[in-house]
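The following pair of complexes shares a single chain, chain A, combined with chain B in the former and chain C in the latter.
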Partner chain A sequence: MPIRWFRQRDSGPTLGLLAPAGLAATVIYVLFIGLPIVALLVRAGQQDGFVAGLTGPLVLQALRLSLITSAISMIIVVLIGTPFALLLARRNSPALRIIDAFVELPIVLPPVVAGVAMLMAFGRSGLLGPALSSAGISLPFTTGAVVLAQIFVAAPFYVRAARIGFAGVDVSYEDVSQTLGVSPWATFRRLTIPLAWPSLLTGLTLAWARAISEFGATIMFAGNLTGRTQTMPLAIMTALESSLGAALALSVLLLAMSALALALLSAALGRAAKPAP
Partner chain B sequence: MFARYFLSAIAAISIAGLFGGCAGAAAPGAPDTDTLTVFAAASLAASFAELSDAFEAQHPTVNVAAHFAGSQTLRTQLEQGASADVFAPADWQQMAPLRDAGLLADTPVYFVANRITVVAPAHSDAVQSLSDLAKADVKIAIAAAEVPAGAYTRRSLELMAADAEFPPGFAAAVLANVVTNETSVRGVAQKVSLGEVDAGFVYETDAAAPQHAGRLRAIAVPLHLTEAAQYPIATLAGAAQPAHAAKFVEFALSDDGLAILRKHGFAPPANIACPCGSMTPDDSTAPTPALRRDG
Partner chain C sequence: MNNQSVNSQSVNNRTANQQTGSADPGAVMSAAARCRVDIGRFRLDLSLSVSAGEILVLFGPSGAGKTTALRAMAGLVRPDAGIISIGGRPVFRAGDGAAGRPVWTPPHRRGIGYVTQHNHLFPHLTVAGNIAYGLKDRRRPATRQRVADLIGSLRLDGLESRRVWELSGGQQQRTALARALAPSPSLLLLDEPFASLDMELRQQLAAELRAMVSRLQTPVILVTHSREEALALGDTVQVIDQGRTVASGPPLSVLEQPGQGRVARLVGVENQLQMRVATRWPQDGTMVCRTGEHSLETPLADGLSAGDPVTVGIRASDIILAAGPLPQSSARNTWPGIVTGVQLRPPGYQVALDCNGITLRCHITGTSLEALGVAPGRSFWAIFKASSCFLLNDIADAAGQSPPL
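This part shows the complex of A and B:
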């Protein structure tokens, strides 16, 4: 059976000696990535109180908070990120090129650094702290801070993918559409968005996955309080030190959600790849 | 051809280094030193750094690698198979499970005592006294219940709740003002020091730590409203350096060791004997009278 897998795509040049090396590398890779995940599932299955852990108040509150905050983050990321990515893809000015270079910075920035930076900006004694507090707004240690931390670390994944998607749409199609009297907005909605759809969807899924797994910036900027700022990764960290059952339940839940997101993405991409009738 | 051999050699060396490093046999660059791994409570970070330096000066062939984190994190890591030589958590609750699991090489002894105190940012006047902690809109950081400092904090609040000086519902009002349950006491001190919260419950040693000098204002908690935080120390059964580990514990208990710890604000323990009975739920709620420094 494995040999057939190997031959199925054998349409290119022969791999020669690289074929066994590739096979060995595949085995190593799959084992390395797969083993911890299998171990997590096996251990969770053996753990007493796993099912009770799944429905415990700690798990449910963390799940609810994670779903709500990541949904709000993604709405904001799409609303701000889409026009921004379109501008980055279509205009070319020195200022935009400088901005473009900084867009991806949060992707490579350690999340804890992001958390410290957010405290320095929005914290009580941060740059905007006095202005915010005179307006009666206090961000650190609130659910709003969780959302801000998620947007900060996750938005670049969407903007980057959306920019690539928009750049791949041939401008002449849009020109033709507008020459035919279709308004710019309708052209964007009915032509540009559908053509860039696979990129937008991939970017959104990656951004959501990053937001839901956000830990470092959240614990720095939003703290750790059940029901208010304790998202699933923070709850796992906290539960690991008191009840392994709840920690495993949360881990399996987060794993299942990520796998589901990935499956939905490939299903959606598979459908998008088929030519429209 | 040469390039290929060169690359293979580099790969072989890297792999050897990777696995050699895991064994922890030798310190880099010093082939004849032994590495002694010490897992210690976050609140011991500054004092143990100095204690380790003094120990290394006395034992030139030993290199002390100290790891600091919330005691409950270290306990979990040790339970899950992390290898270390000495363990010094901030309370008995983190030591007892290791003893019950047979992971200790000897009987733990208490070697220092600490105490919970309240700190506020130096330049904020939101919290001036303990009673201010229950005021509306005050933001408080504490350590999570799993963290020893968090357990001592909650114990102190219980004592306040039972005290006639505080109004009914005081402890509940303080807990309602808590905005974050930090995973180590250092996180609490840091958030107060940054001025992001109005007050926090930390150890006296954190309040006096040089890195927070001029940033923290301590609000003393009366002795009868705190429980002495006694730190146990023990060598681990899986120690790679059992002889050095025993010497390190001995050094921490010696007059020289105590002098260093005192310099960082720690007090000698009331009694060095740890509770001998097995860990039962009663142990965590009722302090043993003999172990109370204030009696």
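This part shows the complex of A and C:
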């Protein structure tokens, strides 16, 4: 039986016109995105030192640091971002509208600029530098700086998704919940969170993916110190100069982690969405 | 109006105490409110009272403030002045002067059940999950028993683990009612609970609700804009318009013989004729009213003399259409006319009959429509009894519509 690439129905009137172009575009797109990923995997399989790299100290330290810092970042993003997103979704004031307009700025801001900006704020000679150093705190080139950089670039992904999710929950549900004797806090926990869950999960996954791949802001603000601030993307760059095997090992690991996150997300969303009509 | 409602309130509270006194001496199953809610330029002056086992119907057009009234009772809207009490306990009191210190009980501590117009069943929970939502200790066997009992009494058996959107409209409505009843509320608030259902289901659910209320003795405030629903369910009907109570009392007297023109239009008296009293027949208990060359007989009214303007109301369902003047009929009023329009008005049809300048609206069934051959352009006689005509004292609207004489 021949493989059927296209199904004829529901394609709409414009597709007939553009079908050849659509086919060509699909081939180009899939090749362009797929080829480098295939090349990475193929090359990793052939490379000497790939397996050794996987268990080498550079890789393990970077992996450990990336997992720990991104986990801490996500905890902070959720703790701060959730009430903030709820407020943005439910209240409307001129001040909030202005804040809302700037929430997504870090998404479009070049990460290197974010790193410089953070140095200017929290660095030794930054705005808060004197205050921080008089309190005995020095942020730059510490693991804390890695976490701050990740939060800065990743938080908007979560806040944006959470705000959309909360805005989609009809407040009448919350009203009814309260009339049933359920307190506002319990209503939030038992009703609002579950109803906004797909958005929250998507936002969190995107934010985590952004945090784990963070490079520019981290290297500017936190530096590249093995075991302290050298996360996986930084370690890849460092390894590329000395050991291609280790760089490939880190790259494949990062690819696998991202793919796993995507798979877990769609599995979770699929389960959440299954009962939908 | 105000005096009336104050009186009925104290009476209701007394009966409430008597009724619940035997069942549960601790709880007073009643609710009352006299408060003001300002929302922008809209003002609701709410004064109501409902006692155990009683259904109070708030009736009125959309935008009248009915839903706001329910939300104020529920604590979802905060009144600007006045007092609201549920179960004999104040849940809201404005802190003005002599009234004492302000009181505010949030919705989740008011012990109420609230069924919204669109049910708002929680989509992430099953039927059983929805019903159990307001119960404490949801894993306890007693709680499960409570849910099972409600599922049984609202005939939701076999649907426990269904998702709520898999249910029919009637099943959704029953689930919402079961969910509201589960925590044993001391006041049940129902906002157009049957609006989205078809006629048959509506009547069935209305009967079930009646039975349930008299069994549980829960006071109910029900909002509707359907006359039929108000008649079928209400122990008391309160007509609300533009934030004010314009009439209140037993459903038959408020909805069938409405005293005021504005109320009449709200409750749907289709024919309202501006006339003048011509002759009084005290021995017959009737009088003749005229406008132009039209005249009709109405029940005798005190305090009116010949020449006084009156508004005569006739329900469309009280007018009979006939091919001839029916000489043997006891009906005193027969007007010839020509059909100008026929409109589907479930459960039957509404026919507009032009009686030499005055259009009468009459309701007939589909069978009669066919049997008589009613169609625009054909001549018929409108026949109605003197006792079907009632006088509307049109004080509020007098400025807007003066008699054409």
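As a convention for this text, the second predicted complex is superposed on the first by the 264 of 277 C-alpha atoms of A that agree within 3 Å, B and C clash if a C-alpha of one lies under 4 Å from a C-alpha of the other, contacts with A are read in each partner's own complex, and residues count from 1 in each chain.
Please note the rule applied: contacts are C-beta pairs under 8 Å (C-beta built on N, C-alpha and C of every residue); 3 or more make two chains touch, one makes a residue touch a chain.
Bear in mind the structure is a predicted one, so any value in this text is a computation, not a measurement.
Partners chain B and chain C fit side by side in the overlay (superposition on chain A). In the superposition on chain A, contact is made by A:Leu240 with chain B only, not with chain C.
In the superposition on chain A, contact of A:Ser125 is made with chain B only, not with chain C. Once the two complexes are laid over each other on the shared chain, residue contacts for A:Glu104 go to neither chain B nor chain C. Once the two complexes are laid over each other on the shared chain, residue contacts for A:Ser172 go to chain C alone; chain B is not touched.
The least CA distance from chain B to chain C in the superposed model is 48 Å. Those residues of chain B that touch chain A in the complex are listed here as 70, 72-73, 75-76, 139, 141, 144-146, 178-183, 187, 191, 194-197.
The touching residues of chain C, counted against chain A in their complex, run 71, 74-76, 106-114, 116, 118, 120, 122-124, 133-134, 163, 165, 179-180, 182-183, 189.
The part of chain A that touches chain C in the complex is made up of residues 170, 172-173, 175-184, 187, 190-191, 194-195, 197, 275, 277. The touching residues of chain A, when paired with chain B in their complex, are 119, 123-125, 138, 140-141, 219, 223-226, 228-230, 237-238, 240-242.
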